[in-house]
Every structure is written in C-alpha cells, then in structure tokens.
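Paired with chain B in one complex and with chain C in the other, chain A is shared by the two complexes that follow.
Entry: the complex of A and B
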C-alpha cells in the first residue's frame, strides 16, 4: 500500500507557554500502551478502540478548493485515519439517511487519486445486518413466559447495534 | 416489581445520544438506561422526545400515529397513491419501518413492520392512554386510499384483540394475562359468563367433554403485544408458534390461508415455552352481510386444527390440546355472542336404556360466534359508528361505485366492470 501523505499538525501553546505537538500516531500509541499490556504495533490484535461517527452522511459533502480541488471532510478524515491503520483501531461511519454511493462511490468518482488509480480500496458498507444479533435464545422446555415478557429478553429482540 | 413498573422511571435519556440502540444499550447501560429502554424505543419510533402525557399523545401527527399502529398491527401499504408512497417512505426514514428491498430506480420498495416487541411496547405506552383513540386513528388512515385494508376485516379483528389484551394487561399490571381475562376484556360484560360456563362442541375425552371453558383454560396464559403478518400458511403449526409467543407476537394469517384470518397462540398447561404446550384462539373475521346472527357451522369446520390448510396440529399429533375457535361476523345487523353447543337429545332417555360409551372426537374445541361489530358484542368498542365506518372502508367494492356522485355515474362505472356483481348495471348492456 502506498504511504499516506504526511499530516501536518498545528502547534498549540500549552498553559506553561511551551509548544505542544499533537501527533495522532504517537498519542494513540500511548493510549494502546495503556490499554494493552506489552503492546506491540507489529502484532495483530482485535480492535481495541472503535471510533464511531454517527450521521456520517453530513461529512460527505464535496467542496471545491482553489488549491486542492475537490475535497470532502469524509475524504480527509479517511486520509487522517489511514495514518493509524496499523494500530488495532477501527472506525465505523453510521448513516441512516445517507446514500450508499456517498461512502463507497465508484472508485472513478472518488476524490482520492489513489482510489481512482486502484492503489487503495474502500471497505464495502455493511447493510442488511439482520435482526436479533444479541438476542437470548428461547429454549423449548426451559424458557418461561415470565422471562420472554421481561424487558431483559424483549430489549434484545429486533434491530442490531 | 411488576412488569410495568420497569418503564415507569422518569425519562433520563440524553436525546442527542443516538449512537447505540436497544440490545447493546440495554446490555451495556446502567440501571437508569435499562429502566427507560422502552421510552428510548418510543423516541426512536416517533423520531422525537417521548412522553406519555395526554397532551403529547393528543398532538401526535398522522404519521406518528401510523408509526405506532404499524408496529402493533403489521399494517401494509398498497402503494397505489403518492400519499401512501410518501407515508411508507417517511415511516422507513424516521419511524423504524424496515425496507427489505428497493428496485434500482426506486420505483417500488418492499417495506414491512417486522416483529420488534420493544417498539410495540413503546407504542402500547401511548395507546393505553385515552388520548390515543385506536379505532378513530385507523379510520383516519382507512378513509384515504393507500393502506391495505383486507377484505374480511382482519384489521378489525386484530384491533379488537389488541384492545382487549391492552385492557387486561393494564388491569392486571402484567404483560402475561390469563386466557380467561382476555375473554372477559374481549366480549361484552355478561357474555363471558355464558362463554366461560360453556362446554365444548366436541371433545377428545369424556373428562374434557364435561369441563367448562373456564375450567379447561384455568391455567392458560397469553403473552402478545403486537401482530405480525405471516407469509407462509405452514407457519400455523405449533413447531413455529411457540417461537412466536417468545417474541410476544400474535399473527395475521398468510394470504390465501383457507378458513382462518387471525391466530392468537397461548400456553395451555403452564408458563414453560414448548411446542406441546401451545394452544390458540383461531379466529375468522367476516365482513360480509351473508353472515348474520345465525351461526354458520361450516366456518368452524374450516378451522379444524388438523386440516392441512390450517395445520395447527401435526397430522400424527397424539395429544392435541383444546382450542378456542371464534367467528367474528362483523357485518351482522344483530349483536350476539353465541356459544355453539353439542346437539341435545330431543326425546327423553328411556329408563334402563343402555347408555352408549363416550365417543371421543379427534380434538376438543369451543366454538363461539360473535355477531356485529358493536359495543353490545365486544367490550373494547365504545362507539359503534366508528366501527360501522371501519367496516365500510374495508370494502373496495362496491365502494368504488357507490362513492360516485350520481346514480347514472355509479351505473356507468359498474358497467365498466361487467358481469362481476348482481347489480343490473353490470349486466344490462349485454344480456
């Protein structure tokens, strides 16, 4: 995979007057060192952190810039998050009213040149997720009417997330 | 704590917190979140902050009321009008209706109100208020084209059952209600006494033949808070129905289900879910003036739980449970609740005559014929006029003719559909 363009981080003045540099990779590394014992970026882990962006379709508006041409917040966010792709960190973009094309446009229509050239690819959206993923099983001969009519049982039936 | 107190906790959900939903929210949430999960479901259903205050309920919009009714009555759209299409799409977009499929051009969408008991429970919190008039809200929608009404008033049967269930659940403060209490809330006061004291029309054993309905179903309990529409008539089998009970669902039978429109399954012996413990109300709704106060016994025969078309019991079922079969003759002009009784001997028995041994039937059934959608028949009905209109609106034909302004236009319209009805206008041009 081609390396991501370097990200420039603004310097912020701290309370003591000194400059503070926020580096996403560095800060995430510190967090994962804290979350995972003996964390090693070269090893595989299940996701230790999930970033969730709700109503993400509002990020997908494509804008025009005199210098950079077409861009969207979604595209920029994707680029920024790719910096940490080797860390056990997964991002989820949720949308209820968005169009599928906004998140997985045809590669030729994406704002990213490397997507257009086929050097990178997008994860297809997860839709048609089904129901009852977290449901407790009703067991014939064991489960009672009192149990299935409780909120504890009822709340786990239906749509996921 | 009783079941209903679980959601009586003041609403404490941050309305901006929409990142998680039902199951995950419930599992991971603290006690306050767990207790207010039904309120949260209500917020998702209405797409706005939820309240059970009467003023709030009274001000619900038509779409919001439709959202509430849809999740409990499995309402379907016929998609013939733009309004219906708009309503259907709005329900999908904002009110938790599920879109199963759309064609590439977005010309048609297949949408359903699937079984989600938590949403149904939230809807119940609104519907139990006197400010939510279910029959009147249904009528508002039925007066406009677009909602699939069903020819035989299944919708009215489901509405009556749902209102009876809600009344019993509210009175007993429990989601699980005894079958006897359901009957008491369904039928007009006085009628249940006859019904509960009646003997079966047919019985498998002499013991069952001698027991009254009340005695027979003494331990039986119902749990449902919504209806779903079945898509395959083979689902009317106890192998599947115990699972339906687990979801708190009763069912409108699949299209072309011969002889039966609605099934309300319940547990017969005790509270443990299992196939062998499932019995049911088998209900047929007739919105046809042919069926008046005099019972048509053949309609009960068509609801035989052993019949292939119904299939409630397996063909080789050795221990069938007693069932309750009901016909709702909604268009009858005379209100009545008639329990069908076994034929009695006309001649007195001769002294010393040999008594024939008891001849058992294949199963035990109680048959009840209920005439007219009226408050003299059904306890949930408060206003006969609304139900009369609901029945009228359930008939596409002859409404399509009779809604025309003048007789000549009516006849011209009938004439455009020749040989399909008894009115002379369907025939006179060619015979």
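Entry: the complex of A and C
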C-alpha cells in the first residue's frame, strides 16, 4: 500500500503554555468518538459521515505549478481526504455537467502519480441513476396528503445517493 | 457543500475559499485545513445542537427533530431558498472558514518530508490574539 500523507497544523505553544496541534485524523477521531460508541479506528464500520461536494467539477480545473507541475484543487482535496481513508467517512462528488472524466479520468491522464502508476485506484462513477427508485408507494385510500408532504416521504424521492 | 449555481444555492464562501489556492502545496494545505476545520466546527455544533437550532421555525406539519442528525439537517436547510442558503447554514460555514483561514494564514514554515508528510507550523500568539476570531469562533473551539 503506498504511503498516505499525514496532515497536521501545529501551534508552537498554546495560551496555557502547552503545545496545540490541529491534526486532521485527531479532529475526525474526536468527532467519531462522539458519533460512535466505543469507536475504534481499527474496526470496520459503515460510513458514519458522508461529505458531499455538489457541483464539484469547478474544482477539477487543471493548473500548472512551476514547482510541482500539473495539479487541480480536486486532486489536492482528494489527497487530503486520503489522509482519513481508514476512518468511516465517505465522500461524494456530484456534478450535473455529464463529464465523467473530470472526476475519474483515465489513470494515465490523472494528476496523481500513484494513480498513473497503478498504485491507487478510483471508485468508478455512479451515473444514469434515474429517479424515484427508492420512493415509497402511494396507495389509494391509505396514503394521506399529509404523509406525501412529509420529510419522511419526500426524502425518498429523486435520485438515490 | 454546494459549489456552483443551481438548486440548492451554492455555499459561495466555501467555493471561493477553496478556489483561492494558487499552487499545488497551497491546494493541499487549504484542502486539509478546510476538512480539519469542518470536523472541529461540526463536533462543536453537534455538542450544542439544541442551542444552535433554537428559534428556528419548523415548516407546517413538520415534527420537531429528535436525533442529532435530523437537528443538524434542520440547521442546514432552515431558510433555504433558490437564490441563497439560510442564515444558520451560512453562519456554520463562516465558523468553519474562519478556523481554516486562521490556520492557513498563519503558516510560518512548511515542509514536505520525504514520506510526503506535510507539517505546517503557525504562531500561537497571533492565532489567539485575533479579536475578530475570538468574537466568532465559539469558546469551545479556542
């Protein structure tokens, strides 16, 4: 498994004289400790949290860096998310542009060297999902207008994610 | 997070903040700082969720949310229209970006080690003496 970057923002000294450190894994760990009883990062869990980036294609513009070459904000966000890949936190990138290759380009065209070399793989995109596949049935004589206008009913309409 | 025109309306401040990166290193730093700040702010919000949603008027026929997830969803959707997000949601992301910005803007020294570990050091005095930051970031976050 290729090494993943760690990411810490360290304050040299806090107001009480002690060191203060913002560490991505630690901050997420505190949150998951709160959300999951007896949370243990070494155990498997279904996603406890889903980060959704809607219309994220605006982050995929490829830029040129004099030092590091080609890069994109999406690529760097993906790299930062990889820091926490062992935590039950899943990310979804949504787009209505229909350009699938923006998020999952051919590996040879990706800005990540580890993807180009086949050391890492991307999850294939979910597309053409259709509508109302999880919608509850409205039964004549049983379903009320109040029910179909409730959040419980409406949350199952649209495209399932 | 919603980053572009459409419905629901974009979280413009988040989109603009993430777009400010000019180099690959800054892109990685900002992405990490944003996620870190998001988790810090979310943790604080969830612990005080009843205070955070106090005063929000529920839609007609909508029951008072009981779970933390439902309460947080209420906070993030209250006052949402086609043209803009609700006040509470904007306030949440303002807190997130203020934490992320304070961390990012005070980087004195950056280094990427041979194992690709990035460590960013910031000065504590400036971080903790910002009246603007103290006024907005909840005490539990400082």
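Definition applied: the second predicted complex is superposed on the first by the 122 of 161 C-alpha atoms of A that agree within 3 Å, B and C clash if a C-alpha of one lies under 4 Å from a C-alpha of the other, contacts with A are read in each partner's own complex, and residues count from 1 in each chain.
To be clear about the criterion, a contact is a pair of C-beta atoms (placed from the backbone, for glycine too) under 8 Å apart; a residue touches a chain by one contact, two chains touch by 3 or more.
Being a predicted model, the structure only gives us computed values, none of them experimental.
Participant: Is the number of chain A residues in contact higher for chain B or for chain C?
Facilitator: C
Participant: Check whether A:77 is in contact with chain B, with chain C, with both or with neither, and answer first, second, both or neither.
Facilitator: second
Participant: Please work out whether A:146 is in contact with chain B alone, chain C alone, both, or neither, and reply first, second, both or neither.
Facilitator: It touches chain B and chain C both.
Participant: Which holds for A:134: it touches chain B only (first), chain C only (second), both, or neither?
Facilitator: A:134: touches chain B, not chain C.
Participant: With both complexes overlaid on chain A, does A:52 touch chain B (first), chain C (second), both or neither?
Facilitator: Touch status of A:52: both partners.
Participant: Should A:157 be classified as contacting the first partner (chain B), the second (chain C), both, or neither?
Facilitator: First partner only.
Participant: Show which residues of chain A both chain B and chain C reach, each in its own complex.
Facilitator: On chain A, the residues that contact chain B in one structure and chain C in the other are 52, 54-55, 96, 146, 149-151.
Participant: Taking the complex as given, what residues does chain A use to touch chain C?
Facilitator: These residues of chain A touch chain C: 3-15, 20, 22-24, 27-28, 30-31, 34-35, 51-59, 63, 65, 67-69, 71-73, 75-77, 79-81, 83-84, 96, 146, 149-151.
Participant: Okay, in this complex, where on chain A does chain B touch?
Facilitator: Interface residues on the chain A side: 52, 54-55, 94, 96-97, 131, 133-135, 138-146, 148-161.
Participant: Over in the complex, which chain C residues touch chain A? Could you list them?
Facilitator: 1-6, 8, 10, 15, 18-19, 21, 23-25, 27-28, 30-33, 35-36, 38-40, 42-43, 46-47, 61-62, 103, 115-124, 127-128
Participant: If we count contacts the way the header does, which residues on chain B are in touch with chain A in the complex?
Facilitator: Touch list, chain B to chain A: 3, 6-7, 18-27, 34, 37-38, 93, 96, 98, 114-119, 121, 175-176, 221, 223, 242-243, 245-248, 267, 271-275.
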